[in-house]
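Presented sequentially are two complexes of chain A, the first with chain B as partner and the second with chain C.
Now for the complex of A and B:
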């Protein structure tokens, strides 16, 4: 890599189901918060990138009225219609190109505006699947879940343990939307069944939320920050449309992770990573994510969760923040994973803080059944 | 504070019903028209043999172009590779509405095809779906050359 890029500031909202705050106020708070932490003013921002979605926001320019709250007024500015974790990749490349020194990435969605699952039908092939009318992101996830669970004999209990772990972890995270201290397996398995086996508590909630990070060149990062977190590796990959995919595995994520590991020179995930923050929109999906990230063999996600290795006191904690199951403001969710990983590395994760976190993985995704994936390896000052 | 948005400005959306006129392409048009003759068409990639149903004009696997010469007819029989029982459905206005009777959705790999299609699964009780292996297409009584000609799939021997 030509030079290094660091995260020197971050902020996230208190994600919730129906935020009284307007979208503009929500975005202003995280943009201003991340800039203040980085010790910069609006004048220092060389470029600003927003991640939001027109359909989810109900306007054909989802960043309408957000340019000023983001500090992007009359500055270099663009938008990415995917997760903020992809916008961060774009910001990183702008910095590495040598044309910009400091980038602000802002991602936001207020899911309470309109049910994002209804919107998900607009992600389907309009000339076939949309006309057939049986699919949406949840029913498609249910089909994938059943395929995966039947093939590898993964039980509903094993899937429910993922919810138990993440929603339990979220109990200590003040930014999480769905915090459930003392949650039980029975509660998860008795929650409303939508599309078998997907239940209310094995899918992510519809959340309002925003997140921002400030990226900087190595030179600027050393000038401005005592505690920069470096992007040591990144990889992204795009899988094909659901009809032409191997739904038993997240092949796109596997490819993305391989690229990130190669760049960060990671050979043994358990020995070299201290934790992972992943964007599991469904509990079963986290098990498939373990496999794609190489935390276990294919089909062994259920065995891994049974071993408790991914619990917060396990060998490789996954989602100590609560993950996407605890808050899912779509487009912000992946960038929130980055921020949660950065907080852990900097020792700023409060009640969720784990001891000795030097290097962490963060994952973002966009699309039906995790079609597009991006993986970061983040590291502190050693 | 909850529901403040709906209470303050109950915006119903624009008075527009956008009927988008997508070009389905030559092969998809043929696929839809041939449903009248109870034929299911697919395209087989000349380079890698991956077979797409409904037919596609390009093979993303090997970046090759396909055309009418690559069309192939499928039997309408296949294997049920996945399923879900739907207890709810979206009403088009953003609400999940409970179904009085659950509906099954099947993931079907048609014989001779590599892609998977997702269709209503008929004449099966949810508790029996796990035992279903082979399925066949259920045509509506009068086929008209429309996607609605396929009512769904049902178990076959």
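Now for the complex of A and C:
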């Protein structure tokens, strides 16, 4: 990387199922919160990047009325129609180009506007897959889950442990939408079956939420912040369309992770990372993410969760915040992972705080069956 | 730190009604043309930026499904969408991908396929925004008529622009005849551009004004002949770092770029209490242009800019934005128009390609402005090549409810000189 980029401010909403707030108010609060934490005003913003999706928001150019609440008027502005973690990458590119010093990234979705799973059918090949009428992001995930579980003999119990871990962790996270203290395996396995083997509690909820971060150049970060969190590595990759790829593995994520590890000079991720925050839209997906991130060998995700290594007190905690299973405001989810990792590094995670977090991984995804992925390696001041 | 980047390849599909291809095939056509033009192998592309206004074609994030047609698998991809500015924003994203030093070669693609939608998206897209406001206001407890007047009464893009045109004419002294002149100029220029949609060779002011159909006023002061078509089409550019660009014959160097957003300025002014009441003011374009020119080291745009590609789905916008791009005096752009200065062979040609008035595939439109500027600098514009040495060209785009602007300056020499 030609220069360093730091995260110096962040904010997220209290994600919930049906937020009693307009989109504009929700966005205003996180944009203001992140800027206040960074100690900057609107005049300091060199660029503002929004991450949202017109289909999910149910209106064309959905960010039109967010220009004012984001503080973007009369400033450089653009929108990335993907997860907020991708928008953050664009912010990084602008800063590394030397044309901008401070970037505000705002990601928002109100899933309560319109059922996002219904919208997912519009992401499929319009000529064939959409016409079949039974495919959507959940049924595709069910197909992938069965393929993966059958091939590697992963049991439903092992998948349920992921939900148990994440929803249990979320109990202590005030921002999470689905908080379930004392959740049991039976509860997960007896929750409503949607598409076999996907159940209500092994799938992310439909949430309203927003998230914002402030990025800065090294010089500005040192001026403005006592504990900036540095982006040590980033990698991104889009996979083939679901019909053209191997659904047993998340190869796109594997490529993205390799690029990020290389940039951050990480050779043994399991030993060198203190924590990972990943966007698992389904419980089985977290097991596949372990494998793609190289936390275990291919097909050994079930064994890894059985060993409890990714629990809060394990060797490499994954999703101590509760992950996407606990709150999923679609385009904000990946950026929330970044923020949760930053909170852990800065020691600001409250009841979710783990001891000794120096270096963390954050992951964001877009598309059916995690087609497009981005991985960040974040580190504090050593 | 900025590093020099240049556009080294351009690809455009024929724009028009393209029922013989689907979205994936159409994007592929533009992407491969650009890759071939740049004399690259597909694996040399390090990153991709792509965008369209997905509501207009009925596919959500079409690049996920169609990625295999343009070599996306395994590559980092960013999807950008900002309304009409989309193509320009996508081009700028690819420029930043390379200028940041993260990638050496980037492919930028803008596309739209309006004919897949049951409505003319280019002109009705903004009606969705208005409609959403209407329901929002209704839900807030306002009565039906008031909600309609405040929220839904904008009459889509033509309604929004009609209001803007009337404002501009009021303060500048420009007449409907001048709008006819812009339309006639664009459509006859388009006849020389093989990729354009509405190609009307030797179109005259008289034809636009007195045609029984095209002469009809749709939303005062705009005639049907003043309004852009809803096209299908895709365009692509290849952006490369200096080391790679040096091997190209005559690359179009990126000298400056900027984008700027103003408050949403028309559709809910009563309901939201925004401050902008004159939508022909376009202060954000002035800011973006100033930034881009200063980055490019251009002190006197009137002298130094050789050709301008302005995003003008409606004719008065060519006049407003050429003023805001500091090419003419405020409120006076219709005078050089009258004098023929902005014709292909004039002193400062504007939209020699025919512009958005002749071809509007939303996601592609603002990308085409950048692509056309690059072609003019490379000397590859064919029949609509301007008859002079092009040193600097400015590409413009507007989006949202005319409240977003992107400005990109291309030149025949790199930004940073060694």
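Everything that follows uses one rule, which is that the second predicted complex is superposed on the first by the 382 of 382 C-alpha atoms of A that agree within 3 Å, B and C clash if a C-alpha of one lies under 4 Å from a C-alpha of the other, contacts with A are read in each partner's own complex, and residues count from 1 in each chain.
The rule is simple: contacts are C-beta pairs under 8 Å (C-beta built on N, C-alpha and C of every residue); 3 or more make two chains touch, one makes a residue touch a chain.
Fair warning: this is a prediction, and the values are worked out from it, not measured in the lab.
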TODO: Classify the contacts of A:127 with the two partner chains as first (chain B alone), second (chain C alone), both, or neither.
DONE: both
TODO: Identify the partner contact of A:74: answer first if only chain B is touched, second if only chain C is, both if each is, neither if none is.
DONE: second
Task: Superposition-derived comparison: chain B or chain C, residues of chain A touched - done: C
- [ ] Tell me which partner A:96 touches in the superposition: chain B (first), chain C (second), both or neither.
- [x] second
- [ ] Check whether A:237 is in contact with chain B, with chain C, with both or with neither, and answer first, second, both or neither.
- [x] second
TODO: Once the structures are superposed on A, label A:36 by its partner contacts, choosing first (chain B), second (chain C), both or neither.
DONE: neither
Open item on the list: Contacts for A:86 in the overlay, against chain B (first) and chain C (second): which applies, first, second, both or neither?
Closed with: second
- [ ] Return first, second, both or neither, reflecting whether A:25 touches chain B, chain C, both chains, or no partner chain.
- [x] neither
Open item on the list: Just checking: does A:252 make contact with chain B only, chain C only, both, or neither of them? Give me first, second, both or neither.
Closed with: second
Task: Residues of chain A that lie at the interface with chain B and also at the interface with chain C - done: 58, 126-127, 240, 244-245
TODO: Would you tell me which residues of chain A are touching chain C in their complex?
DONE: 1-3, 48, 53-55, 58-61, 63-65, 67-68, 72-82, 86, 89-90, 92-99, 119-120, 122-127, 235-241, 244-245, 252, 255-256, 366-368, 371-372, 374
Task: chain C residues within the chain A interface of the complex - done: 1-3, 22-23, 48, 51, 53-56, 58-61, 63-68, 72-83, 89, 92-93, 96-97, 99-102, 116, 125-126, 128-129, 132, 257-264, 267-268, 272, 274, 283-284, 287, 291, 295, 399-401, 403-404
- [ ] Mind listing the chain B positions that touch chain A in their complex?
- [x] 1-5, 13, 20, 22, 24, 28, 50, 52, 54, 60-61, 81-88, 90, 92-96, 103, 105, 107, 114-120, 126, 130, 147
- [ ] Note which residues of chain A are touching chain B in the complex, please.
- [x] 18, 20, 58, 112-115, 117-118, 121, 126-129, 131-132, 134-136, 139-140, 142-147, 150, 193-198, 240, 242-245, 247
